[in-house]
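The first chain written gets the first letter, and so on, giving A, B, C and D; residue counts start at 1 in each chain.
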Amino acid sequence: MTTASLKRLTAIACGLPALSVFADGLPQLDWEELSKTNPWEYTELHLEVPVVTPGEYGSAPSDAVVLFDGKDLSAWEKTPFGEGVAVDRTEYYLKQYEEGADWGAATWQVENGEIVAGQKQGAIASRQAFGDMQLHIEWQVPVLEGKRGQEYGNSGIFLMGMYEVQVLNSYQNETYSNGQAASIYKQHSPLANASRAPGEWQSFDMIFTAPRFSEKGTLVSPAQLTVLHNGVLVQHNAVLQGPTAFIGEPYYIPHPPKLPLVLQDHDNPVRYRNIWVREL
Amino acid sequence: MTTASLKRLTAIACGLPALSVFADGLPQLDWEELSKTNPWEYTELHLEVPVVTPGEYGSAPSDAVVLFDGKDLSAWEKTPFGEGVAVDRTEYYLKQYEEGADWGAATWQVENGEIVAGQKQGAIASRQAFGDMQLHIEWQVPVLEGKRGQEYGNSGIFLMGMYEVQVLNSYQNETYSNGQAASIYKQHSPLANASRAPGEWQSFDMIFTAPRFSEKGTLVSPAQLTVLHNGVLVQHNAVLQGPTAFIGEPYYIPHPPKLPLVLQDHDNPVRYRNIWVREL
Amino acid sequence: MTTASLKRLTAIACGLPALSVFADGLPQLDWEELSKTNPWEYTELHLEVPVVTPGEYGSAPSDAVVLFDGKDLSAWEKTPFGEGVAVDRTEYYLKQYEEGADWGAATWQVENGEIVAGQKQGAIASRQAFGDMQLHIEWQVPVLEGKRGQEYGNSGIFLMGMYEVQVLNSYQNETYSNGQAASIYKQHSPLANASRAPGEWQSFDMIFTAPRFSEKGTLVSPAQLTVLHNGVLVQHNAVLQGPTAFIGEPYYIPHPPKLPLVLQDHDNPVRYRNIWVREL
Amino acid sequence: MTTASLKRLTAIACGLPALSVFADGLPQLDWEELSKTNPWEYTELHLEVPVVTPGEYGSAPSDAVVLFDGKDLSAWEKTPFGEGVAVDRTEYYLKQYEEGADWGAATWQVENGEIVAGQKQGAIASRQAFGDMQLHIEWQVPVLEGKRGQEYGNSGIFLMGMYEVQVLNSYQNETYSNGQAASIYKQHSPLANASRAPGEWQSFDMIFTAPRFSEKGTLVSPAQLTVLHNGVLVQHNAVLQGPTAFIGEPYYIPHPPKLPLVLQDHDNPVRYRNIWVREL
C-alpha cells in the first residue's frame, strides 16, 4: 500500500459506510485499496522525518546552529544576564532586553581556537535566542594553583540567560553539592560527579525544555533539563523551580519562548570551545 | 520582614559583598533588613495568588468561562470538527478554521435548561478557543431501550476539536475498553468504570495540557489529560498520541495553541449541562 | 470479532507468514478470523476495567479506603511525623517507623462526626500506608477572633508523612504565598486562592504520585501532586523538591513505596471529616 | 559553616523556639552556629554525589556494567523475547522467565571484537536484568547489495525484552517512519534521521525510565525513553504505549522492575560492539 493510500485510509471517519456525508474535497475511502491492506500496515505511519548528517565525537550535526567554531565571537555580545543570578535582577534585565537594550560587543578573548572567559568583563550572550534545544558545549578549567571550592574554575552556562548549569572544577575539589560542576545551580545536585581533571576538556550535552506560561503569565509547565557530563547522565529530566537565585527561593517570572544563551564571567579563566545548538 | 524587603533580599547577586557593581535602578542589598531575617524566612515566597470564589458541587468558580448555564447556545456554533475523528480530516478542517470558515449557527436544542445533542445536525463548537484548561461538564444518557455497545448514548467531548473523551452509556453496557465512557477514544482505556446508570447525570472534571509545537512544526510536548469521572480518577496524566483517529494510528499535526471545545453529534440524544472552563 | 480472537490477532509475530516457528502453547494466527477483521477494529482494545460505584458530592467511591466516616479514630494512631517538618528529623522518624516503633493511640477528639485536630497532642497517622493515591479530605477552620497569618487555622496534611499540603485559613488572611492554604508548604504557592471563609467546610481532592528510588537510593522520579481546592485546580502536577522543610532546602531521602497519611497538630482547632483514599 | 552544622540547621522544626519538645537523640538547634550562617548558605545542600570516571568517545564510565567489551558472549544467553513483538506472546515468555526458564546459551558469533547478530538463531538476552538505565550501544549494518526497506539491516534493541528501538539501515533507504532506525517500533518515529551509511559504525545513547505498576497491576507511570542517535536527539522523553506489537494496539502488562536487555535476530547480519549500561 502506498503512503498516499494509507493517508487516505487514515482519513476514514466514524460514519462508515455512510460515505456520502463526506463533503467535496475531503478524502474518500478507497475500498479497493482498503481490501489490500495487511493487518500489520494499520499501525505503520508515513511521517516526514528530516535527514540530519551527524557529527563525529561531539562535532556539530548538519542542522545545528554553530555558536563557536574556533574563529571569533561574532555570534556573541555583552550582556548583564547571568551576572546577578537572582530572580528580580533577572526580571529587570529581561525588561531591558525586551525593550531592545544594546550592551555592546563581547570583549572576551579567542586564543588557540578557544574562548577564554572574561575576567571582570561581564557575561556574554548569543545573538540568537533559543527555547527548547539540544546544546553541546565543551569547557576546560586550567590548572590553577592554590584555588579551591567555588574559586577554582567558576563559570556558568545560563540557558535562556536565566537557568544556570554550573561550570567549576569539581575534580577532587569540594564544595556544596548543588553548586558543583553540572549542578543546576542551587536547585539540583548532579546524579554523579563525572568531572575530568583541570587542564582536560570536558563536555556537556543538554536537552532543555523551556518553561511555558499562559497569556495571563501563569506557569503552565516548568523548565526541564537533562545533562550528560562527559557522556555520563548527571541530570535526568530535572524540573527547575525558576531562574537561578543566589540567595532565597527561586520562582518563575513569565518570559518570551526564546532567549539568548549566556556564558558567565565569574572572574576565572575558564575556556570554552565547540558550542552548538539544535533547536527542537 | 516585609514583602518589599524580602524581594530586595532575593535580588542580591553573586558578587557579594562587591555591591558597587549594581547599576542604578537595580535592587540594592539592605544589610539592616538582612540582619533581621530569620532562618525560616529565606524559603518564604511572596507571590501574587489570584483569589477565586469556588462554586458548590461542580458549579462554576468566579474566574470560569461559563459555556452553558441553562439558557441558550449563544456561546456555540456549528462545526465539522469532531465528526471525522481522523487525523487528515482534522487537518483539512483546521485549515478551513484558520482561514475563518463560518459553518453557521448551532442548531441543537435547549430543553429544561439542558442541551440535547443534535441528531444528524453535526457537531457544535464553542465560539471561544481554549488551550490549557480545567473543564467541568455534566452529561446524561437517557434510558434507551434496545440499544447497546457504541449505539447506547454515544457522543464525545473533543478538546481543541481534536482530542476526544468518550461519552457513552457504559453502565452495564460492554464495548471495547478504549471506546467506553471516559476513555480517550482509541488511545487510553479509563482506569475505572465509574459510570452511573442511564437517566442519571454524570460529571467529567478534566485537566488538559495542550501539545506544544516548535516553529518548525515539530512536536515538543504531547497533550496530557487527567479526568475525574463522577469524582473518580479515570485518566491520570494520560499522554495522547495525537488527534483522535477512528482507523489507523494517530499522529500529531501542528496547530494553534487555542482551539474550540467541540461536542459531537453521534446521532444519539445525549444531554449536557453546567459546562465551564478555567483557562490555566 | 470476539475479544479472544482479537487477543489472538494481537499476538501475531513479526515472522509472518513463517508461522511454523511458533512453539507449542503459543497463540497461533487464525487467518479465518483475521480476514473478517474490519479496519477500525485494529485499534480497539479489550482490557479489563474495574467497575467502581462513584459517590455523591465528595462521598467515597466503592473502592476507596475510608479513613474517617464520622465515627471514630480506629484507622489512626499517634505519630511524630509531620511535627518536625525538616528533612533529617523525618529521616530519624522514618528509621524508627521501619523498626516498628509504636507511638501510641491517637488522642484527638471526635465531635459531631468530625475530627478535631489535637492541640499539643501531636500528629496522627493512618494505620494503613499509602503510596500513589487519590485523596479526598474535608476540613474547616472555625472562626477564631484575633488570629491572623500562620496562627489562624494552621494544620497540615502530610502525604506519606513527609509531603505537606498546607491547611490554613487563607480567606482574607495574608501570609507568605508558599505557606497559604493549598500550598505545598515552602515549595509551591497555589495557582489560585480558592478558600472559603472560616466556619465553612472546604475540600481538597489530590492526585499524588509517590517518588521512586533506585535500589541504590537514588531518586529516579520525584513526587508529583495535583490538588483541587473546593473544585478549583490549585496545584497542577507540581513536582516536589523533597520532604517538607521549615528551614533550608528540601532534599529527597529514600523511603518505602508506602507510608502513612499524617494530619498535623499545629495547636489550632481545625476540624476534618470525610477522608478517603483510592490507591492507584 | 560545616556540613554537619548545616544538616543540624536543616533539622530545626516548626516549633521554634520551643526546642524543649525535641526528644533525646534528635538534632538540636545550635544557635551559635545559626547566627554565623550567611544568607546564601540557606540554599546550599551537602548531599553525597558518587564519583564516576567518565569514558572517552562512548567508552564505558567506571560505574557501568559492561555487557560486551569485544571478547565473548558470557554476559548473554538465548531468549525468545524480542522475537514475537506482540503483547500476549511477550506475556507468555514473561511468565516462563519468571518461572526460571532456561533457553540455553547464546550462539551468536564474535568476530573482530564485534557481535554478529544471529541468523535464525533467535534473540539473545543479557544475563543481568535492568530497569531504569542509561544505555550505550554501537551497531553497524554491512553493505548488503539488493536489500531495501525492512530487509536492509533489520535488528532491534529490546529494553526490558519488550520495548524495541529499531536497528535498520535508514541511510537512503525508505520505510514507514515509525519503523526506521531509532524509531520506537510502531510507536514513535524519530525526530530526525541521523543515520550513517552502511558499513559505518553508529551509536545509540538511551535514557530509559521503566514503567511502574501498582500492586494491583495498574499502570502508574508509563515507560519513557530519550535517544541520541550518533549524538543527535531523536527521541525526547517519548512515552511508550506498551510493549512493542507488530499487529494491533500495544497495551501494558504488569512486569518486574528489572528485565534483561534483548538483541533481536531478524535474520540480518547486523553487528554490535561497545555495549554498556549504567543503572540509574
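To be clear about the criterion, a contact is a pair of C-beta atoms (placed from the backbone, for glycine too) under 8 Å apart; a residue touches a chain by one contact, two chains touch by 3 or more.
Just so it is clear, the model here is predicted, and its values are computed rather than measured.
Engineer: Which neighbours does subunit A have in common with subunit D?
Structural biologist: Looking at subunit D and subunit A together, the chains touching each of them are B, C.
Engineer: Check every other chain and keep only those touching both subunit A and subunit B; list them.
Structural biologist: Expected: C, D.
Engineer: With centres defined as the mean of C-alpha atoms, identify the chain lying farthest from subunit C.
Structural biologist: A
Engineer: List the centre-to-centre spacing of subunit A and subunit C in whole Å, with centres computed as mean CA coordinates.
Structural biologist: Between these chains, centre-to-centre, one finds 33 Å.
Engineer: How many angstrom lie between the CA centroids of subunit B and subunit C, rounded to a whole number?
Structural biologist: So the centre of subunit B lies 22 Å away from the centre of subunit C.
Engineer: In angstrom, rounded to a whole number, how far apart do the mean CA points of subunit C and subunit D lie?
Structural biologist: The separation of the two C-alpha centroids amounts to 29 Å.
Engineer: Show the residues in subunit B shared as contacts by 2 or more other chains, in ascending order.
Structural biologist: 9, 12, 16, 39-40, 42-45, 47, 178, 186, 191, 218, 220, 236, 245-249, 280
Engineer: Would you mind writing out the residues of subunit A in touch with subunit B in their complex?
Structural biologist: It is residues 6-7, 9-16, 23, 25-27, 42-45, 47, 80, 83-89, 92, 131-132, 209, 212, 214-216, 218, 220-221, 245-249, 251, 266, 279-280 of subunit A that touch subunit B.
Engineer: Which of the residues in subunit A come into contact with subunit D in the complex?
Structural biologist: Subunit A residues touching subunit D: 39-40, 42-55, 57-58, 61, 63, 134, 136, 176-180, 186, 189-194, 196, 205, 207, 226, 228-233, 236-237, 245-249, 278, 280.
Engineer: For subunit D, which residues are in contact with subunit B within the complex?
Structural biologist: Checking each residue of subunit D against subunit B gives 9, 12, 16, 34, 37, 39-40, 42-43, 178, 186, 191, 218, 220, 222, 236, 239, 241, 249.
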